Every structure is written in structure tokens, then in C-alpha cells.
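Below you'll find a set of structures to go through.
Each of the two complexes below includes chain A, the first together with chain B, the second together with chain C.
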Partner chain A sequence: MSGQSMSVGPGRTGALLLVAPALLMIGFLFVYPFGYSVVSAFTDNGEGSWHIANFTKAIEFYSKDILFTIVIVSLSTAIIGILAVAIAGYLTLGENPTAVAILKWLYRWPLFIPFIVSAQLMRTFLAKNGMMNNILTSSGIIEPLAAQSYLDWRGIVITFVWKQTPFVALLVAGAMASIDRTTIDAGRIFGASRLRILIELVVPQIATTLMVGLILSYVVMLSVLSVPLMINAQSPTMLTVDMAWRINSYGDYGVANALGIMSYLFTGVVAWFYLRQSLKDKGA
Partner chain B sequence: MVGVGIEIEKLCVGYDKTRVLHDIDLEINSSEFVALLGSSGCGKTTLLKSLSGFIKPMSGEIRVNGSNVAQLPPDQRNMAMVFQSYALWPHMTVRQNIGYGLKLRGMAKEQINRKVDELLVLLGLADFGDRKVPNLSGGQRQRVALGRALAVDSPILLLDEPLSNLDARIRLSMRHEIRSLQQRMGLTAVHVTHDREEAMVMADRIVILNGGHIAQVGTPLEVYEQPKSNFVATFMGAENEISLTVERANGTLSIAEQEAVKAASLSVSNEIGDGGVNWQATTAGSALGRFRSSAAHLRADETVPEGHLALAGRVTQLSYPGGVFRYEIESAGQLYMIDDPCRYAVGDVVTICVPAGGLHLYSEAA
Partner chain C sequence: MVAAALSNNWVRTVTRVLTMSLLAFAIFGPITNMLLWAVAEVWYFPYKLPLEYGFSFWERVFRPEGNATEALFSSIWIALLTVVVSLAIAIPAGYALARGKMPFRYLIMLLFLLPQAFPAVAVHMNVARIFYGLDLTGSVVGVVLVHASQGLVFSVWIATAAFAAVDAELEAAARNMGAGRWRTFVDVTLPLALPGIMASAIFVFLISMDEFTGTYFVGAPDVVTLPMLLFTSSMEGNYQIASISSLILLVPSVGFMLFIERFLKADVLAKVGN
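== the complex of A and B ==
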């Protein structure tokens, strides 16, 4: 042990030198801009006295958008969770090998399509004279006059769900594949239906992975600009659009940063829930 | 709940194109404890999985109480199972694990609690009801798995090597606990194991499987004392092997003299325990003899007691596994393992004496 402690000095210096470039990058590209944004949100672009005027203004102008953002992202997260569990559950418990193989092949495709392309796809799919309504009217399911555009809050939710479900399903399916298969068999032999096995036996065993996937999706959706900008060109809209607007049209970094900090807070709330849960799991 | 009988008829099971079980015929009586015994890959777990419904057979029938369940899913077979890995649900407490099957059957909460409390006391887990599974020892987990299987009152209990993950001391006590619970409740039990001794002490009957076929079915005494084939004899511990030339006449077996083997006249067994040779060869002439290390003993001189096969040899190695010494004896170029309480040294010239009752004879090709 003493030999080891003697070599700690030069070892530590070497280790610090090794991580120094990464630390500097994080410092310059994340910590400094983040710190500057926080300061800017509470001052006049980093100058003058501290105040909360930017936040008051942000709430006054964009309270509807704040609520809209929380609702859209929370609703999307919930739907993504349900769909991801359903897809991963079928991949794990499905008894038709052909259907399982087809689903496995199909569900990952949206993962490789960027948000902006997804938004463009959805514009052509969900518009009043888009592909979805064309299919519905030509197959006689709806009358042509009943066709309506989904390019509003519903379009954002559909795009987010379409884009993010494969990511969460991928994580969840991997976690489900790694659980002890006999715990599923035990459920079957004691008489549980496949739905009960999924909800009562499988999902609780992969809950941590599911939560990680959903939190990551939540954070990603909070930060996406292209989707609300392209799908929902009206008010209310999402905070990212408002932030872009404040900066591009008014050069108002104070309010934009105040909105950004609010986004951080929304993320912070779910991160706190996640950390609390994982600490509880470790303690159990 | 009293056990029910199981009849397996011409059961063929396989994975893709590989056939694992071939035309299995087996009848398991109500409230009987049957052990499926065999080495790895013999098909014993596949047979248990076919019984439980996790594998659908290619052909054949599995009749429970007269009705064919071969194509039914596991949840419609009314069987309970204890898995090798216990398969307990880690997010549930002991109480929730044991009570889950009852919850699925729509039992009222008070009834579930009462039943679970009874089982917790029965299995010595009364203080552990609210613990989560990861906080239990191997033996406690095994008990929870058993409690979960017993809770649902299924007439058939399937046990898939449930003791293989336990340490030796707990394993011994659990054998007796499981056996006495099965007898007390009158369940029909099918137990998969590769441990010969475990099968012997727990089962009413043992089914020995080899390469997807049943090699022998019988009581522990029958399969131990009268193994029907060379494979079964080897599997049941008769590892010493010797080629002999034999003649059979009027219930007596004449063994011809050969290098290191004295001529002998031995009686043939008519029933277990009569001290005769277990004669399973189809014809006289060349035969393969087998005997256990514990069945023979050593003598320092060349005198041979009557009714014994005698082989001259020399001690080449010795060890002390406990109770007796274990000797490796070289005789006519062959090596034999013999247990004997007397002390001999390496290099000593000895005579291996095998009593007729400890000798099993098979046709050379068997």
C-alpha cells in the first residue's frame, strides 16, 4: 500500500494532464456559456444590478407558451413511454416469430432521421391535403370535407412520438432482453396473461431503464426548435421558438436566457425525480 | 390438493430440426415423486419443459387426469414449478412473490394473506415476509420459490434442479424438506436433477435418460442394484470395467480364467438382494463386467472368499476421502478404483475381491 501511495503524486499530475483538454472544453463550451446565460438572465446582458425583470417579462409574454411546452412535452413523453413498452413488450413476449422479426426491422427507422427531416415529413403527411387525409378520403374512411390539418399541437406531439419512441423502445427492449427469462416463464405457469406479465412482472424490472429513456427524450424534446417551428406556425408555441424569436428579432438575450433557465428547471425537476428514485433503489 | 396422474405417450420433442426426445413413454402415478436423472444434454429439462408447456412437442401425448394437455399453453395446465434460478420477481417482497399466483386466481386479499402467512410459517420464513428478494440468501430464496409453487394448490409440482445453486449443507436439508412437504400434501412431483444421490433420496421412482431415450425406470433400489444397461450401471456409479469370458448354466455363472483373473463360479440374481450377479447380457461368451469401488474390497493374500470374482493387482495410488481409503489398483494393464478400510501402501500386491452381488454383466456392445 505504501508503494502505491508513493506513486500517487506523479500519477495524479499525469491523470490531470490527461483529462485537462476535456475539462477545458467543458469549461469553455458549457460551463462558461451556461454561467454567462444565468448571469445574463438576472442582469442586463451581464451588466448592471441583479433583478428578475427578464423573468417577469418572460412570464408576462410567454406564460401560455410555457404551459403549452410543458403539456406537449409531458404528453409526448407519456405516449412515448406507452408505445415503447408496447413495442419492446411485443419483441420480448411476442409468440409470432414473423411479426416479431418485422417489428424489430421496422421500429428503429425513425432513429436515423433528423428532427428537421421528421418535421418536413410530417408536414407533408399531416397537412389538410397531406398524405394521411388523402389515404383516409380515398379509402372512404372520412369525407373530403371532413379532412382537417393536424399541423398544430397534435402535429408536434405526433412528430415527437414518431421520432423518439424508437430510441426509448431500443433501450427498453435491450433491458427486457437481459432480464432473467425464467421470471417471465414463472408468470406464465402461474397463470398470468401476457399483458399482466408485461405490466406487473417485466416493466417493474426495467423501470430504471425506461425512466432514463423517457428523461433523455423529455430533455431532447424540450430543446428541439425545428419541429414546433415547422409544424405549428401559430400561437401558442414552444419555448425554443420564443427564445429564437427574442434573439433573432430583438437581440434580447436577457429574456431568451430567462426562458432557457426555465427549460433547465423543467429538466431539473425530472432529473431530481430520477436521482431520488435511483438512490432509493440503491438503498433498497 | 391431491396429486393427479400423468401419462406420457410416444412423446417426440425437438428444437427446429434437431430431435431431443424420442418416443418417450412414461406413466407417473398420482402423488408419486419421480426424478428425471441424466447427464447434461440427455433431454431431462426438455421433458420437464414439455410437461410444463414451455415447449410444444412435435408429436405424442401428455395426459393429465386423462385429458391431453400437450398443446396447451403453460397457464392452462394447472401445474406449479420451482425453477433452477428460482425465477423470483426481484421487485416484489417475499409475501408478494408467494401470493402472486393466488392474486391471479382472483382470491380475496384476506384469504391471500392467510394462506401466505401459513406458508411463511411452514417454510420458516415468518420473519422475512416483507423483505425484497435480493436481500435473501440462496436457501431463503429457494424456500420462497417453493412457497410460491405450493401456494397455488396445483396437483402437480415440477422441480427444475431447484437445489443445484445451494451449498452442500443446505441442499441436504432441503431434499428432506421438499420430500416431506410433497408427501404431506400428496402432490405429484416431477424433479429434474443430475445429482444421483439427490434422486435416490427424494424420489419414489427414477427415470434415467440418455440421448433423448429412457434408459431405465425403476425405484432407487432397482436402478442401483439392477441397472439394465451398461450406461445406467456407469451412471449409477459402477465405473470399474472388466471384459470377461462367461458361461451360464442352471443359474450359475462360470467365469473363465484370464490374465490376472481367477476362474470363478458365481450365482445369478433372481431378485434384488439375493447376492447374485446382475446378469443383463443377452448371450454367454464375451461380457462386460461393471462394479462399484464400494462394492469390492482388497485382500493382501491370494485367498478368495467363495462367490467372489478375484483380480490380482498392485496399488498405484491412494487417497482418503473419509471413512475408507480409496485405492487405484493396476491389474493386467487396467486401472480400478477400490474403497477399503484397511491401509495398504503404494506398490503393495493385492487381490481385488468383487462379491457376486456387486457385479453387473452386460453384452460387450451394450
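== the complex of A and C ==
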């Protein structure tokens, strides 16, 4: 009668007590400040009546940056998705073992490079006299006088793509490795090109993983302060920079938090997709 | 026919080599550029390569009273404290989530993901404000708390997976032989889950080493970690110091990439997030 039925783990109360410190930490360092930001955005620094003046001010001052943020993050997410599928697809379907091995070794490098280091790498690489321009001018692709700095919105997109593609590619390659090979082989027998096999047979089977990877990247890109701050802090810039600026220069928590609420909303939209998908998967 | 097939093959090989070279340049170009800056003494536009090479900036950085040495030590100290705090919280939580009769288990697991699901800047600036009232801004304790909260999802999820991967039969056997709950946990469960716990500790250590946003709001200007030094020197245009700091930050990150597979075994990895 003992064996399995003898409980090896803590009971209900014990379990809740053991998890309590972790819950307290989330409560104090996330839920509380999160609520604080909402209250602060809709009031005058947490005092007086509720109003939306902070939002009208935020939109008046920063509508350009709001648009800029959405465009940069969406564009980066799209490019990351395409490159990740291409890399993972080649790893799965590639016929040249040497090329596959090289790619496998190559693509992961930026994965564990911190954002702030990536930003510094790109700050030197994409500058007017950076290595990218030097190679382009030396190889005669562009005229030396035409060399320009890429440290603007393009720099931000390039940095995000460089840093996040390996992460999504890693997830997607893992998913591709575990799909049913028979459909791929069937496609091959019927003479479908590898590109068609990838798009029509493989991608639909790993769509969930791809989406999860892209959503996580999207949220990360909306949260990162160091990259826009170091690559392009001039207007138009990303909302994260505006929030930091609002606080450090004016101590204006109302408008900063109104911008914060907007960034919550941007992630809220995709988080909703994520939750719906993961609940569906749990149910399946 | 044969000639056409051969030339087709040749075109393929050339495309393959070109694509790989382009990719290699895209990935290693920025890293090489940083390495050059780290050993450049004099380098300005329009020169494509540094005019003089040397290590005088390294000397400046690593002098005992140099600011990088100080920043490096404070980064490591904060990261170690963050690991201690995280493990003290994550081990009991992970054990309870893996083994206990936990009500609303799925929701609680999801709750730990929340800080990752919202833009960190918006939350951290309010943490800084709350900490100000508690006299925690500019203190190591404040920075450690912020870092630990960021790493919490990883430490708790990986610890949960590590405990879940331990065979419950072994624990049951120990209990049957008369070992108490505590003894079973310390002598059986914990040692078996240790590689996974180590992996979560490494994760948290790296998160803390690389953390910027929270430190920027909560720690600055009193707590100077390596990422903060990197940032300020880069903004001042001192690319040598910024590149040397980058290089120091890269060492643990790349080391982690090479060694993580030893700690994070497939059986644990498969259970992460479940």
C-alpha cells in the first residue's frame, strides 16, 4: 500500500509555504510596480482624480516615436522570422554535410552575447568608418564618399536581427528536427523543390514554435533600453528611450508611465495570441 | 547533359560558399571590429585600420584603482549574491511545484513568466521609485533584488524541471526505508537534481552579469557594474574602454555556450515550462 501512494512531496499547505517567497518576490518587484505604473499613468503622480491627460500629452509629444517603435519591432520580427526559417530549414534539409556543419557552428554565436555588448559591437561596426563601410568601399561596391553611418533606425533593426535570429533559429531547428520525416521524403519523391518542401510541408508543422520564438523576441525588443540608447537616441527613437528621458530629465512619471502602458498594450496583443495558443496546446 | 549538370553543380557550390562567407562576415564582422578597438591606440576617420596598436588602455583599465577592475568586481559580487538569493527562493519553489500538491499550479508557473512578458523598462522605472522610498536606490541590495526578480522565471522553471526529472521511486524507496522528508530531500532528491540547479545558477549569474536596464534605473550612479561602465564609456566616445568591457563580458557568455550542454541535460530540458 505504500510505494507510490506514500506521498514523497509536500502537501497543499507545505507546497504553498515553499512557493511563498517566490510569489512574494513577484508581488513586490513586479505586480506592485506594475499596478503603480497604471495608477501613475492615469493620475497626477498617484494623487488626485483619474484622468487621461498623461496620455494626450504622451501622444502629442511622442506619436512619431510610437509609430517608429511599432515599425522597427514589427520589421525586425518579420526579418528574424524569415532568416530563422531559412537557417533552420537549411540545417534540416541541406544536402551538403560540410555546409550544414559549418552553418550549425556559425549561426549560434550571437545567441549568448548580451544586448549591451551587441549594441557596442554594432556601434563600431555600422559607424561611418566602421568595418562594414570599409569592406564595402574596399571591394568597390560603394564609393568612399557615399559611405554613410547606419546608426539610425536601420542600425537598431540590424542589431535586433543579429542578436535575436539565432534564438528563434535554435528553437525552430529543434522543432524541425523532431517532425515526421515521411512527409518530407514524400515531397522529395514527388520532385518538389527544397524551397517548396520547406514552405509547404515543414513550416506549417513548426508554426507554433516559430510563433512562440517570434513573440518572445518581439517582447524582448520592446523591453531593451541599451540598443536604442546606444545606436540611435536622437528623435525619432524608441519608446524605451523616451521613458528613460522623461524620468531622468523631468522626473515626469505620469507621461513616462503612459508610454509604458502603451508598450504593455503592444505586448498585450501578442501575449494574448501566445496564451491562446499555449492553452490550446495544453488542451490538445 | 553532363557539362550542364557539372556547371549546375559548380554554380551551387559557388552560391553555397558565397552565402556562408557572407554569413560569417555578418556574424564575425562586428566581433572583429570590437577586437580591433580593444587593441587600438589611435584610430580615427578615414583610416580603415587603427594607426597604432597597443595595450595602454588595458593597463588603464586593469590598474588596481582602475574603474574597470572595480566594475568587474562589483559585477561579480552582485551576480554571486543574486545567485544565492535566487537559489534560496527557487529551490523550495521548484521542489514544491514539481512534487507538491500545488493548487493552481499552471497559473503559478505562468505568473513567474509575467515579468518577462511585459516591457522591463516600464516596470523598472517604477521599481526604482518604490525603492527610493525604501532607501534602496543606489544600493547593492536594491540591484540584487532587481536582478533576482528578472532571473526568477529561469531559476524557478529550471529548478522545477530538475526536480521533476528526479525519479520519484527513489524518493519513495528512501522514505520506505525510514528516511524522513528532510533527509530524503537532502540525501536523495537534491543531489540528483543538482546538475539542473547548477544550470539555473549559471543562467542567473549570466543574467545578472549582463543586466543593464534595472541597474540603470535602480543602481545608477552609485552602483557601477561592467555593463554600466561599458555604456558610459561608449557614450563618452571612449571606444577602447567600451570594447575592453565588452570583451570581458563576452568571456562568461561564450564559455556558457560551450559548457551549458553538460549541465542542462536533455531530460531536464524537455521538462522546462511543464
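Going forward, the second predicted complex is superposed on the first by the 262 of 284 C-alpha atoms of A that agree within 3 Å, B and C clash if a C-alpha of one lies under 4 Å from a C-alpha of the other, contacts with A are read in each partner's own complex, and residues count from 1 in each chain.
Please note the rule applied: contacts are C-beta pairs under 8 Å (C-beta built on N, C-alpha and C of every residue); 3 or more make two chains touch, one makes a residue touch a chain.
All of these numbers come straight from a predicted model, not from anything done at the bench.
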Does the chain A-based superposition show chain B and chain C clashing or fitting? fit
Contact-wise, after the overlay, does A:190 reach chain B, chain C, both or neither (first, second, both, neither)? first
What is the contact status of A:167 with respect to chain B (first) and chain C (second): first, second, both, or neither? neither
Figure out whether A:55 sits in contact with chain B (first) or chain C (second), or with both, or with neither. neither
Using the superposed model, measure off the angle between the directions from the CA centre of chain A to chain B and to chain C, in steps of 10°. 90
In this superposition, which partner touches a larger number of chain A residues, chain B or chain C? C
Regarding the shared-chain residue A:218, is it in contact with chain B (first), chain C (second), both, or neither? neither
Contacts of A:180 with chain B and chain C, given as first, second, both or neither: first
Between chain B (first) and chain C (second), which does A:204 come into contact with in this model arrangement: first, second, both, or neither? first
Look at A:153 in the shared chain and tell me whether it touches chain B only, chain C only, both, or neither; answer first, second, both or neither. neither
Please give the least Cα distance, whole angstrom, that chain B and chain C reach in the superposed model. 12
Counting contacts the way the document defines them, which residues of chain A are shared by the two interfaces, the one with chain B and the one with chain C? none
In the complex of these two chains, what residues of chain A are touching chain B? 180, 182-183, 185-193, 196, 200-201, 204-205, 207, 284
In their shared complex, at which residues does chain B touch chain A? 52-54, 73-75, 77, 79-81, 83-85, 87-91, 100-101, 104-105, 132, 134-135, 148, 152
Touching chain C in the complex, chain A uses residues 2-4, 6-12, 14-19, 21-23, 25-26, 29-34, 36-37, 40, 96, 99, 102-103, 106-125, 128-132, 134-135, 138, 144, 162, 216, 219, 222-226, 229-230, 240, 243-244, 247, 253, 256-257, 259-261, 263-264, 266-267, 271, 274, 282
Within the complex, which stretch of chain C touches chain A? 16, 20, 23-34, 36-37, 44-48, 88-90, 92-93, 95-103, 106, 108, 111-112, 114-127, 129-130, 145-146, 148-149, 152, 156, 168-169, 171-172, 175-176, 181, 184, 206, 209-210, 212-213, 216-217, 227, 230-231, 234-235, 239, 242-243, 245-246, 249-250, 253-254, 256-257
